[in-house]
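Both complexes shown next keep chain A, but they swap its partner, so chain B is in the first and chain C is in the second.
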Partner chain A sequence: MTDDKDVLRDVWFGRIPTCFTLYQDEITEREAEPYYLLLPRISYLTLVTDKVKKHFQKVMKQDEVSEIWFEYEGTPLKWHYPIGLLFDLHASNTALPWCITVHFKNFPEKDLLHCHSKDVIEAHFMACIKEADALKHKSQVINEMQKKDHKQLWMGLQNDKFEQFWAINRKLMEYPPEENGFRYIPFRIYQATTERPFIQKLFRPIASGGQLRTLGDLLKDVCPNAVTPEDGEQKTQVMIHGIEPMLETPIQWLSEHMSYPDNFLHISIIPRPTD
Partner chain B sequence: MPSSLLWAVDIFGRVYTLSTVGQYWELCKDAQLEFKRVSAVKQCCWGIACDHQVYTYVLSGDVPIRYQEETYENQRWNPVGGFCEKLLPSDRWQWSDVSGLKHQQLGSFTLPSPHWEWESDWYVDENIGGEPTEKGGWTYAIDFPSTYTKDKKWNSCVRRRRWIRYRRYKSRDVWAKIVSHADPDQLPDPFNDISIGGWEITDEPLGRLSVWAVSLQGRVWYRENVCHHNPEGSTWSLITTPGEVVQISCGPYDLLWATLWEGQAIVRDGIDRNNPQGISWSIVESPSPENGIMHVSVGVDVVWCVTKDRKVWFRRGVNSHNPCGTSWIEMVGEMMMVTVGLNNQVWGIGCDDRAIYFRQGVTPSELSGKTWKAIVSGRESDRSQTGSSTSLLSAGCFFTDDIQNQTNAIIQGDADTSSDTELPSVPVNLANTPPAGAAASSSANSTANQTAEILANLTLDPLDSNRGEGTVASISNEKANFEMDKSSTNPNPPAELQWTNIDLKEAQKHPVLSVSTLAETSSLSSLGMFSVGAEEQYGADEHPLWAWVSGGGCLVDLHSPLKWFTAPSGLSSSVQSLSLSISPAQTAAWRKQIFQQLSERTKRELENFRHYEQAIEQSVWVKTGTLQWWRNWKPHKWMDVRVALEQFTGSDGMRDSILFIYYMYHEEKKYIHVFLNEVTIIVEVLNEAKHSFALYTPERTKQRWPIRLAATTEQEMHDWLSLLNMSCCESRRLQGPPSHHAIWSVTCKGDIFVSEPSPELEAGPHLMPCDQMFWRQVGGHLRLIECNNRGVVWGVGYDHTAWVYTGGYGGGFIQGM
Partner chain C sequence: EALDDSEVAGICAAEEVIRYEYHVLYSSSYQVPVLYFRACFLDGRPLTLDEIWKSVHACYQARLLEGPWDTITQQEHPLLGQPFFVLHPCRTNEFMSSILTDSQKQNRHTNYIILWLSIVGPVVGLNLPLSYAQITPEQNTNADSV
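And now, the complex of A and B:
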């Protein structure tokens, strides 16, 4: 039997097999072998690619090495998006492993944020969690936590410790029993086809009549073009963690079980492949 | 608050009740008939069945419904034979009523309907006015009619005595058809709607009710003489109306509204204690000219209606002096119908989903309430699905009503863990597979009997507190069991389903059970487990669709929380809250899809790439904290210690943990440590002063000296217990719910532990089996537990109720993770 705890585990332990290759124009002392790695979907590129960096730096001249960045088929990959989101958004329905090109030069300043240390990632991650809790609980839960709890969330993510992370994160997923859900659902909707980075609006999980609102309700509200017109053919895929939940799925449930560790539901809307 | 019932009819005509203290819709005990409509008050429910006949369902109560019939035997004295049956021609009959005006022979009394029975035969009442009479119960007088005395005097010429006989209404807890003895021509045409109320108008006679009905031709009928000792009433009286009526609603007091075919409402004027039928009608127009009123429901001083476009309206300004009110206000929501119950509380049936909604926030100062809230309570027969969906983290409860109270307590307790000092008993749960009994025995009856035997054992087996020493009070692992071969050779799910049904009925009838519903619900939960396995056959949308609801007997106290709005579960707060969002139907579809897709995703993305390196190396994780430790040497006392749990990944990729306890000894820092893979059991020790637990290893069991640790708060202790137990399971490679072969035990405190047997247990003489067995706790507290090797686990709680384990693990303090 599967239970909802298993969803949390499946989400946490999602891995994307990835092949890193060095960009052809990078100057190396000898040939750079591709590097294969299982990337945690819920983590961040710059947090889990120390090995990649070391691997390629070995074959490069020291003075050629500046800040590492990643690109997939011409698109620079934003390290501050979770890896699973990047994959769903740019590389769903492609053959595995995911082939990422590694760059050490020509940092695309207009596309990417700099990430000089893990502290930057931590700050970004904690900022997301705080924003999410502001939406869910008016920041009450996160503010009541101690510094060490915050640290435990971060360490849990950094060290891939499910229990360590969830021991604290479960408090962020609670709400008063008299209410049927969070105040607002922290979500972001990304579309591969638009320039706009993402859609984020206030959305309550419970309708005024008390009914649970669903993923479909959310999309209809904030991103109507993602929802297929009744007569039309379905042209888009709505992906979270590499799966397409049914539009009938209550958004509150999704928020509790399929949010990334930053407590946001990152939803990708991509064109449905035409076979 | 005593519980009361909300009555409802689903679209198949099945009548269900939902208790204000319950969580499940219970099928009406008498489920032979299908109903169109019901109207309930506290003590009874009237309904119109699919045959358009009116039925009444009188709930059994402490007070029997009995009626005393009486008649008088009269005699006159004559000089020849003394007192004799021969009376003068001018006298009354030999048998008459008390006035002497009505001839009443003993044999002329018949039962008014098949729903009555005689309690005994006729007998003479030997008491007159509370005083015993002379033999025979005679009273004497000079002549009829007169004052009678018990003394016979010289001039006593006549005498009489009273005969009495009691009849008793026997059709309680069943639907009793209202039989009419009147001339068929005067009988109403088939009935279309019914509404009962009016009990507040007068309490004389006891239990008086106004029963109003509408026939197919649109005529309104009033049932005469309905009261406690005459629950069926006597006759139907026609009440003239200004038009053809479609529907009628009668409040607890003097409010009575009906709707006309034309879409107006009519309001009865002049209802009072002397004239409960009222005098005349006033007409109230529909709130919108295009859409007439389709349905109306009234309470003490409120009126709600639904118009033909399904909009819901509240009538402003209704009171006893102005039953028509002043104006309509449109409310949010679209409903098929609404019903106003006690305290003016309101329920409705949603237009789209056919779910029953409760109007929240109806108070005397805000009669129109705040919001509609869907009642998500499943039917007992659906427990399965809700169960399967939510049984995860801790023990869920899928049991009887009284236990659901506790369940609720658990939910609340979990939500507020810091303040609750004593965990309420958490029911057992878990076992994710069809019960063994399912055994698909070729003879359904024999299987059912076996089940009945289990029940009998459970109920009859006395609590044997001497059974074991130490922690483990009773252990059972029933090995010999149902015919396993048959079950494996007959993998036919429909057959299994059928078996459950039979089980259900058999169990219900079984006399051993003190609480008959207990058996019923318990076996229903096993039915539940089935449908998990056979969801396809069971059908995905078993979410009830309602056709009618009546709140006239349902007393919702504003201060007592209802458990109708959460899908039943006994889970930790986070999961409990999630379960709010789950209705069985949805569960079947979207939830299943997510599980399925996740496992497909894992397969797709991992299966061929397992040889890839992990991006994050598993490192040692240390959890540290401060606890108190019951020190090893004399004088024994609690001392503050630092503890650290180190988890590390072995070369084989598996994780192991060590618990370190650092203490000071003569100013010197020392430590003891425990490999968690050697721990045999971790037990919470209930102690008023400390939140403490004990940790046993084989060595420490021998020494009778466990490691005892205490935390400052219960929460902190549970955090440690949860973590240590999880680490123990991890280092023993234990995952998921207990297997079918698990050995179950309860401690003398009622904590439930389970151990997975391994082949080595019987292997050699070197190790005692008890040294190898690891006991992990599952939620709940029971005094007795029985299992078999097919995963069926039943237990008896401290409140003498039976529990069945429905699959899941964790529970108690193992929550939220």
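And now, the complex of A and C:
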């Protein structure tokens, strides 16, 4: 359907206007100007910020520069989470541009994974895709693919090539004709207010009677406190890619059309703004 | 930062004490247990992946280097949200099923967790005492709390 393919494109090409500022305690040879960039929602911070790094390194002494890391309002940003997820979770109801602080010192070892090269990002990305396929297809589809197909998924993401990526990814979105969907849905639910980083459980998209289960069904099953009681006021927003999908949406459809390139649905539950 | 020779030797010697912390988690995606671990010096400085690698016994290193999926990587602990090192779980079913079917053929009692941990643990410095493998008269499941 043409409409559904449009959703794939809208998800892929989503951008967040961001302003990067150097942390004030970093030692510079001259003043550091902020750097503005449109960040792809579907990518990872350390994959798309080479220019940011170069920009700030120009004003710093060489020996002061080690691994870059990013922080928003005191919270270190996990580079291994997709950018869109980080924004939705931490800053979606604040004014644009998204203001991120750049650090080169005092890497927070207890909070952030290291990212010494692009290989680390690729390994993480492919591990997520593999796990998603373990859930959807018992790993059959991903294991049948050749190494070059795996490489094409990564290159598509790295080079922002929608067609190149989806030429392979569409196979990960198929299911046997006798089924009506995947075996289990790859998803993670994030709430900034909890200590636990995310909730992930086994969830079947098709009920025993054959009906398509919905986003609302998933939430009721996995984190019932996030779903509003019928009569109460809705205190939270359920956000994917910056929008609130209707709770009646079949989760199978969401998985096929609104997953991130890692094939996971990353869902944020955030406080509803009171205005 | 680079690890000089004295520090490499120090990992085995009495001077440098390293504290290892091991967590056994269950992956519902792969339906197998997964070993998470982290290590730090007594002053609190965490070991880097390089330092962890150097402490893996040479006989295991070659095998780990063979496949990208059997390697040690840094991952976020799914409950604590902090960086840990992990042995990737996707091959676990492979090596466990061949051992389990053999055991069943010989009608031997098997404790999945002890069996699994005795295989993956030594690779990353966790050596189970043999007493864990002793069959007790009651055949209770206390061993599952490992």
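Simple rule for what comes next: the second predicted complex is superposed on the first by the 273 of 275 C-alpha atoms of A that agree within 3 Å, B and C clash if a C-alpha of one lies under 4 Å from a C-alpha of the other, contacts with A are read in each partner's own complex, and residues count from 1 in each chain.
Operating definition for what follows: a contact is a pair of C-beta atoms (placed from the backbone, for glycine too) under 8 Å apart; a residue touches a chain by one contact, two chains touch by 3 or more.
Note that the coordinates shown come from a computational prediction; the quantities given were computed from them, not determined experimentally.
Applying the stated contact rule after C-alpha superposition, one finds that A:S139 touches chain C and leaves chain B untouched. Residue contacts after overlaying the shared chain place A:A95 against neither chain B nor chain C. Looking at the shared chain after the overlay, A:L112 reaches chain C, while chain B stays out of its contact range. When both complexes are overlaid on chain A, the residue A:G209 reaches chain B alone and has no touch with chain C.
In the superposed model, A:A167 makes contact with chain B only, not with chain C.
Of the two partner chains placed by superposition, only chain C is touched by A:Q200; chain B is not. In the superposition on chain A, A:K130 makes contact with chain C only, not with chain B.
More residues of chain A lie in touch with B than with the remaining chain of the pair chain B and chain C.
For the contact definition in use here, the chain B contact set and the chain C contact set of chain A share no residue.
Across the complex, chain B is touched by residues 1-7, 10-11, 13-17, 36-40, 43, 48-49, 51, 96-97, 158-161, 163-164, 166-167, 170, 173-177, 180-181, 208-212, 241-246, 248-250, 252-253, 256-258 of chain A. Against chain C, in their complex, chain A makes its touches with residues 78, 80, 109-114, 123-124, 127, 130-131, 134-135, 139, 186, 195-198, 200-202. Interface residues of chain B facing chain A in the complex, by the touch rule stated above, are 332-333, 357, 360, 371-374, 388-393, 411-412, 415, 432-433, 532, 565, 572-578, 580-582, 586, 589-591, 593-595, 597-602, 604-606, 608-609, 612-616, 618-619, 621, 623, 719, 723, 726, 737, 807-808, 810, 816-817.
Listing the residues of chain C that touch chain A in their complex gives 28-30, 46, 48-49, 68-69, 73-76, 78-83, 88, 90.
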